[in-house]
Structure formats: C-alpha cells, structure tokens
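Okay, so chain A shows up in both of these, paired with chain B first and chain C after.
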Partner chain A sequence: MSSQAIFVLFNGLASGMAFFLVAAGLTWVFGILKILNLAHGAFFMLGAYIAFTVGGGWPASIWSFLGVALIAAAAIGVLGYLTDQLVLKRLRDVDYHYALIATFGLMLFCEGAAKFIWGTDYQAVMPPPEVDRAVVVGGSYISVYTLFVIGIGVSVFAALEIIMHRTWAGKIMRAVSNDPWMAGTLGINVPMVLMVSVIASFALAGFAGGILVPNQALSPHVGASFVLYAFMAVVIGGLGSIRGTFLACILLGLVESANATFLSQYGGIAIYVVLAIFLVWKPTGLFPAQGAT
Partner chain B sequence: MLRVDHLNAYYGQSHILHDIRLEVPSGRRTSVLGRNGAGKSTLLKSITNAGPRVEGEVSVNGSPLGQSAWYRRAKSGIALVPEDRRIFTHITVEENIELGRLGASADRPAIPVSQIYEWFPMLGPLKARLGGQLSGGQQQMLAVARAVASHPRVLLLDEPTEGLAPVIVEELAKIVAKICSELQITLLLVEQNIWFSRQTTDHVYLLGTGSIVFSGSWAEFDQDETIRNRHLAIA
Partner chain C sequence: MKRRTVLKGFAASAGVALGMNATYLRAQSAPIRIGASYALSGVGAPVGTQMLVGTQIAAQQINRAGGLLGREVELVIRDDKYNSAESVAVARELAGDGINLMLGGSQTVTALGLAPLAPELNMVAIIVAAAGMPVTHELFNRNIFRTTANNYTQYGSLGRTLIEQNPEIKTWISLAPDGDFGRDSALFFGRAVEKYAPSGEVTVLDTIYAQATATDFRTQINQLMSSDADGLYLGIAASAQISFFQQARSVGLYDKFKAIGEVGNGDITGKAMGRNTHPNLWSVCHWLHNQEPFASNPVSQQLYKDYVEMKGEDFPSGQVAAGHRAALALFAGIDKAQSTETEDVITAMENLTFESVGGTVRFRPEDHQMLGLNYYSQMGPSTEAPHFQFNQVTSVDASEMIEPANPGQPFKIEELSQ
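This part shows the complex of A and B:
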C-alpha cells in the first residue's frame, strides 16, 4: 500500500470516528424518542467549551485530558436532564415538526449562550503531550492524536454495542424503542428510560466535544461541520441504528479523506455524491432500525 | 378481586364505555362477550389505563389504582395480553419472557423461566428464536407466557384466539385454565370465541354498545336467548 493510501486510510478512519462520536448520541436519541435533535451539535460545542474552560489550552497529560472530557460529558448530561424536563418531555406525543422547530430554537439558544459566556474569538486546545507527535506507518507520517481518536471511537462503539445487546439496561431500552406502549404494560418505567436515554445521548455529545476539541478552531460554530456529517451518517446508517451509523461514519470519513487527497480541486463533493447514492439506493439506510439497535 | 366501578372511557370526544360496573372475585375467571365495536378492548385498556381517557374506579384486592400511570399497573399485579400480541420482534423468545418477569414484585415473585417452559412446552425449543420469526400461534403462546411470567394477580386477555388454528385454541384453553388455577389468578377474558370462553371461565358479562347488558353464569346465559340474539347474533 502506498504511503498516500495509508495516509488516506488513517485520516479517513479518524474523521469517521470523529463523526461517530458526534453521531452516536444523535442516533441513540432518535432510536428511542423518535426525535431528531437539531441541537445536538450545539451541545457538542458546549462540551468542547466546558472542556476548554476546565482543562485549559494545554492538557498536562492524556489522563487529565480524558478526565476533562468525562467532566464535559457529565456537565452536558446534566444539561440533557434539564433540556428533557423543560423541552423534550413536552414533545413526546406531538407531531415531529414541533420537535424540529423546538430543537432548532434550542440550538440557536445554545449558540447565543456560548457567545455570551465565551465570546466569539477563536480559542485553541492542544492535544495532550503523549499524543501530540507523529509516527511513521508504511512511509507515511500519522499523528498519534489521529490514532487516539480512532481508538476512542472504536471503544465508544464497542461500549454501546455491549450496553445495547449484552445488558438488561440495553434490552429494556430496545424494548421501549420497539414498542413503548407494550414495554410500559409489562411494568417498565418508560418515562424513566426515555429520560436516561436523553441524558446518555447528551453526555455522549459532551464527551465528543471534550475529545475532539484539539486541532479545532473553538468557536460557537464548531459543532456545525461535525453535526452535518453526523446527520448524513445517521441517514445512511439507518435512523436509530448505532451499528449502521458506525459503518456509515467510516464510509464517509474514508470518502472525505480520499476526496481531499485525490480530488482536492473538488473539495467535499464526494461525500454528497455518496449521500445522494444512498438516498436513491437505500433510502431507509444500511440498517433500517426498529429502534435503537 | 378485580373491581371496576362506574367506569366511563373516552377517545377524544367519543364516549365509548358507559358506567361499567363489574367484579371478578379473587381466583375466579370471567368472560366479557360482545360484538365488534362493543368496547371490549377499550374496557381492558381502561383497566390498565393504557389508552382512553378514563373516569371511574378500578381496584385490585380492595386497593384502588386511582389515576396511576399504565406502566405502574403491572406492579399492581395486572397483566394485559393485547389483541395484537405485540411481541418484541427483535429480541428472542426467552428475552421476551424475561421482560415479562419485570412486572413481578416482592409479594408476587416472578415465575422462573423453566416453569414457563413447562406450562408452554411449545416455547422451550424456540427460546433462542427472535420474536419476529414466530408463527401467529407461537406468538400468542409467547404473549400469554410473557404476561404470566410476572405472576399477576389479574390477567386480562384480549381475544387470544383470534386468527389461531383450532388445535392451538384448544391447547391454549387448557394452558390458561391450568395456570389460572395453579396461581389463583383472577382472569378477565374478552372474546368472541364462545367455545374458548366456556372452557376457561365460569361467569360471563355481555357488553352491548359500551354498556353491560348481561351478567350471569353460563347456564343463565344459555337460557337468555333474546339477549344473545340481540347482542351476539348467535343461535
């Protein structure tokens, strides 16, 4: 394999895993609540700002960096609880258009709040020192931070797979996703499951913000590009399917990376071509989900 | 004992059930018969507070359930098998049964899965199969098994024989009667299959359009030809 192909591969996988970290919570909450949360990217952005505020621009070590990302996850999880109580809970039994409008309004509110608190100047966060270097793989220089993001993305996917398919909590969540009325009739506390799912989804957005903030120009709009790709991945993977979203993120990451390397004069076009092909070929996605799977 | 008192149910502006009063003594088994659209399924959903807007009172063993949410009623000992079965299609037979066990409580310990397979021998060999891969008869057995797994005080069955082959109906009748007798379950069965109702219950209510028009034993039911003709159109 040529060094250019290796670069495309690693760069694509890293982009894909970055998309997945953002998309995981998005598809989870859609699978369970059937709500497309347009504010998801805004909470990713708030997670990144919280990580910046708590950890500063120069993380001391990879462990403190991970700790700060978990603090961001917890903080956004708390915001998820408040958002659920104030907004999402009221949208459970109404037409989905209301949910789109409400979450769009929430996104604008979050961006306004971020401008108010942190201003509009760009901020920067460096990767932790252990991963702020490059290694040579097959003649190509690969950033260790790239490998770190790939590792975190795969770990989050594995954790979600285990939770959803190997634990009782996951089986209960899938039952609620599949048929909330019947799940409640069997005695499952459906409102509680929905609330926990929202908190988990928001916490994932916050964690993604904490992990992906290095190498980004941190601004109130930092979530926009990530969440756009995340939405594409959720559509290609199958709305509500974590497995499908994971595969779609890898595909989009590789396509984007190949596009940037081999067709740089047509920046970003390939990813839209792929999306268009999937919308025609498989409009319900790779894994048309009956719920969160 | 299941007691329903002055129960009225509404879907939107439509008044579906009118002042329903019925009692099923502890451990006894009762049928509710009626034509399509009489409100039979609405009655069961009203008892579980899982659909229509409900006024009136439902109590189990003297404890009123008030306005408790539908997902809390399983913990009060009420298990419902809906007309459309609503098996979780993406998980296995055994996982469906395990989910049913979640409705148990400290004073009603969940039924062991091995016991469920003894009562429902058809399900044992299928335990690793996905719910969506079962036939209609197998799904109905699983729906009843899942409800029974919570060790309910009150079992509500909504037309369990609908669309089933006669041999499965016969087997289901035996199983339901046996389990209700062993666990002393109070059964309220909504049916159009008179044979199944006779096999599994000893008291019958007849639901006209949203109102109870008859209550009595099967012998009394058999004697009242007028009411049978008017509300069931059977000979």
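This part shows the complex of A and C:
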C-alpha cells in the first residue's frame, strides 16, 4: 500500500470517528423523538467549553482528559434534562416545523450564552501528553491523538450497539421509537424513556466536545464545523440508525480524506457528490427506519 | 412711501440678516461629523471593533485638544457587517445625512464596495485596513486614501524579514488559502525570499493550498512534513490558523520548521497557543505598545494610556492602532486644508505627512497609498502568563518594497523587475 493510501486510510478513519462522536447523539434523539435537533452542535460546543474550563489547555494525563470529557458529558446531560423539560417536551405533539424553529432558536441562545460567558477570543486545548506525538507509518505522519479518536469512536459505537441490541433498556428504547403508543399500552413509562434518551444524546454531544476539543480552535462557532458532517452522516446512514450513521461517517471520512489528498484543487466537493448520490440512490439511507419512505 | 412701510422693511431686513448670521454661526460651531463604518458584527467583528476603538480614541484626543478648526469632532458610527453591499448602503446613508468624510474599508471585502462609490457621493473615504491590490490600482480614484500597506508591500516585506532574520533557512514553502489573496500573498512572500536571500541560494517550493475556513489540515500538514522545506509562510488566518497549529504541533512540525511567518493573527494566535506557540513565529505587526520603537513613541504612549482608561484593559490589540492611524490621517488632512470641503481635504492629503504610533507616514500623491515603516514581530512561548511573548520587532521601509504607482491599472507582478 502506498504512503498516500495509508495516510488517506488513517486520516479518513480519524475524521469519520470524529464525525460519528458528534452524529451519534444527533441520530439517537431523532430516532426516538423524531426531532432533528439543530442545536446539537451548540451543545457539542458547550461541552468543549466546559472541558476547557474544567481541564484547562494542557491536560495532565490521558486519564484526566477522559475524566474531564465525562464531566462535560454529565454537565451537558443535565442541560439536556432542562432542555427537555423546557423545550423538547412541548414539541412532541406539534408539527416538526416548530421543532426545527425551536431548536434553531436554542442554538442561537447557546452561542450567545457562550459568547457572554467565555468571550469571543479563540482558545486552544492540547492533546494529553500520552497521545501528543506522531508515528510515521509508511512515510506518512500520523498523529497518535487521531488514533486515540479512532479508538474512542469505535468504543462508543460498540457501547451503543450493546446497549441498543443486547440490553433490556435498549430494547425498550427501540420499542418506544417504533411505536410509542403500543409501548405505553404494554406498561412502559414512555415519557421516562424519552427523557432518558434526550439526556443520553445530549451527554454524547458533551462527551464529543470534550474529546475533540484538541483538534480545533475553541470558539462559539466550533460546533458548526462538525455538525454539518454529522447531519450528512445521519441522512446517509438512515435517520435514527446508529449503525447506519457509523458506516456513513466512515464513508464520509474516507471520501473527505481522499478528496484532500488526491484532488486538493477541488477541496470539499467530493463529500457533497457522495451525499447527492445517496439522496438519489437511497433517499431513506443505508438503514432506513421502519416505514420510512 | 409711508414711514410705517419703511420701518417694516428695516425690521424684515434685520430679521433676515440676524437669522442668516445665526445659521452661519451655528454651521461654524457645529461638530464636524465623520462617518466611521467598521465590521461590528459577523466574522469581521473581532477586527472591526478593535479598529473602532482606535478611531474613537483619536476623536477623543482631538476633542480634548480643542477640536478641529475650532469645532468638535463627532463620529457617526455604522456597522458594515463585513459585507460589501452593506458598506455601500452605509456610505449612501451617511452621504444622504450630509456627511462627506468617512473612515471605512476595514477589510478588502468592504473596501471593494466603498472605493468606487466615493466620487459619486463626493466623499473623502479613508480605507482603513484593506490591503487588496485593486484599491490603489483598477479601483483607484482621487477620493480614497489607504492607510495600510498593500498586500504586495506587506507580504513582500514579511518574506524579506524572514529571510534576513533566518539566513540559514534555504528552503521555503507556503500554505495559503485557495483564493486570490492566498495565491498573491504566497507569491509575494516567495518572491521576496528569493530576492533578499543573503547568499542567493534559496529554494521556494510550490505552495500548498487549503480552504480558508478549513478545520482539518492533516493532509496539508503531512505534505509539509514530507517536503524538504524548513521555513514556512502560513497564509491561513483566524481560528483556522489556530486549528492548524494545534494539529501541526503534535506531529512535530515545530521541530521541522525553524521559522514561520504568519499572515497577521499576531497576539490572537499567541493568546490561544500560549506555551505551545512556535518558538520562532513572525507576524505582521500593527502595534505593540511595550516594544520599541512603539514604546518610546509619544503618539503610541498616549494611545496606550487612553486605551487603558477607556477599556480598563492593559493589553490592546494591534488593530486599535489601525483605526487610530486612519482617523489621525483624516484629522491631519482637515487641519492642513483648514476646511472640511471634499476637494480641499483631498488636495491637502495628497502631500500629507503626519505622525502615527509607528512614526512618520505620508501618502504617495499618485495613488494615495500610505508609506512609512511596516513592522514585523517575532514571538515565542514564555514560562510566565500569558505564556507567550514578543521577543523583537523589526521594520521595513514601505518605500523600498512598494510597486510603482499605476493608478487605474491592475497590478501585475510579472511586469515588475526581479
């Protein structure tokens, strides 16, 4: 395998897993609530800021870095609970257009709050020392931090797969997602399941913010760069499908990496071509939800 | 004629005369209204708001000294939203409000809208910080004056500074945004490196391009790491530049590249990267109040004092000086003209010399391009907060680095002698 191909592979997987960490919560909340949360990137951003505030710009170790990311996840999970009680709960029985407008407003509110609390100056967080170096593979310089992100992405996917397909809690969530009325008649506490799902999806956004913050300059707009790809992945993977989103993220990451390496003069175009192809070829995504048309 | 009619006539005449005189007196004592159009929202706001502070301080200073022509200076502040169409709308609104003197064009995108409009509106427009070449070339007209270096001068001077300060670096490369500015600035930088290399033996490799707003530079970083270069010009700005440094540092780019010249983030990058700032990072410098020659310059000292008093902060952005300098230019032009009429001010400014935070500056009469010393700062990490520091400031005389005046014609680097 040539040096360039090796680089495209590693870089693509790293990008794909970064997209997945953001997209996982987005597709989860859509799968269960049928709400496309436009504010997801803003909560990712808040997670990154919380991680920066708690852990500072120079993490002492990989364990403290992971601990800070979990704190960010918990904090954003709490915000998820509040958001659910104040906003999302009121949107469950209304037309989805209202949900789009409400979550868009929520996004603007979060960005404004971040500017108010942390200001508009850019901040930078470095990777923890254990992964703050490079390895040379086949002549290509691969950051160990990107390998760490790949590992975290795969771990999160594996955990979600086990939860959703191998546990009672996951099966209950899937039941509520497929038919909340029937799930309710069978004695499942549907409102509780919905609330837990919202909290979990927000916590995933916060965790992603804490893990990915060493990759980007931190500003109130940091979420936009990731969430665009996350939305694409959710569409290609099938709205609400974590498995489909995971595969779509890998695909988008590899396409983006190949585009930047082999067709750098047309930077960023290939990913949109792929999206267009999927919209024509498989408009309901790789793993469409039941009844999707 | 009856006596009563004559008396009425006298009374009416006196009334008219007194009224006219009052109007005349009011006009003479009314404030001089100057438009100040900066990017106060949108992506240009971090720069535009700082420039506005500099302009406001300049207005305070002139008013404290008794005003201009015995009149107070009043700024009419508008937001151009970092948008060409909005800069045009603002200029028209100001002109409709009777204002014929304005500061604008804090970035090239807004200057390109404002510059062609100035003659139609009979305005004197000071282009504060737009460095795009068209402003003093194909878009030139007598009503505009640019108070910043153009791209050719700025990035040529940066290249010259880098190679003169780091003569041991023999191979250079650029990473620039894929657009007119990126291509031009990398070209100007590379040409200057080749021209001013002390030994004459220097290689400038092909430029690597990236999207200006990219967030992932791993591909470009891998290309840089695989190149033979050990000197770098980085044309990527704002948050993208910080993301680049975050991603590059981890793979050892700091060890490979002995010197980096960046497009103009300056302390923005230093504040973000802190102790992880590249140890030999050079930047376009507008003002560093505590570094010579600024530290001993009375204009600089007063600006710093007034800044601290106004903002309550002790580390002003260099962009403050850009807004201050532009206002000082216009004030000096009005003072020299002893008039606020457009034509009088233009005539006065064409041969104007005035003092700024960076020393004496003047305008080139042919294309109204400001000439003076351009400054470049070198920074690196520090053990003390804020964990980065400026180590030195050097200057290049713009008159040595500027292209011949060619107003009305596009700039073509290939027509310049090497």
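One rule holds in what follows: the second predicted complex is superposed on the first by the 290 of 293 C-alpha atoms of A that agree within 3 Å, B and C clash if a C-alpha of one lies under 4 Å from a C-alpha of the other, contacts with A are read in each partner's own complex, and residues count from 1 in each chain.
The rule is short, and it goes like this: a residue touches a chain if its C-beta (ideal position, glycine included) is under 8 Å from a C-beta of that chain, and two chains touch if they have at least 3 such contacts.
Since the model is a prediction, treat every value here as computed from it, not as a measurement.
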After superposition on the shared chain, which partner residues are touched by A:V78: those of chain B (first), chain C (second), both, or neither?
neither
Of the two partner chains, chain B (first) and chain C (second), which one does A:A124 touch, if any: first, second, both, or neither?
second
Once the two complexes are aligned on chain A, which partner has more residues of chain A within touching range, chain B or chain C?
C
So, A:M182: does it touch chain B (first), chain C (second), both, or neither?
first
Applying the touch criterion given at the start, work out whether A:L147 contacts chain B, chain C, both or neither, answering first, second, both or neither.
neither
Quick check on the superposed pair: does A:I6 touch chain B, chain C, both, or neither? Answer first, second, both or neither.
neither
Under the stated touch criterion, which partner chain does A:A217 make contact with: chain B (first), chain C (second), both, or neither?
second
Contacts of A:V190 with chain B and chain C, given as first, second, both or neither
first
Once the structures are superposed on A, label A:A113 by its partner contacts, choosing first (chain B), second (chain C), both or neither.
neither
Show me the residue ranges of chain B that touch chain A in the complex, using the header's touch definition.
48, 50, 69-75, 79-80, 82, 86, 88-91, 95, 98-100, 102-103, 146, 150
Touching residues on chain A, where the partner in the complex is chain B
171-172, 174-175, 178-179, 181-191, 290-291, 293
Considering only the defined contacts, which chain A positions touch chain C in the complex?
7, 11, 14-15, 57-58, 120-127, 132-134, 139-146, 214-217, 219, 221-222, 225-226, 256-257, 260-261, 264-265, 267-268
Which stretch or stretches of chain C touch chain A in the complex?
45-46, 178, 208-211, 214-216, 218-222, 225-226, 238-243, 245-247, 249-252, 268, 271-276
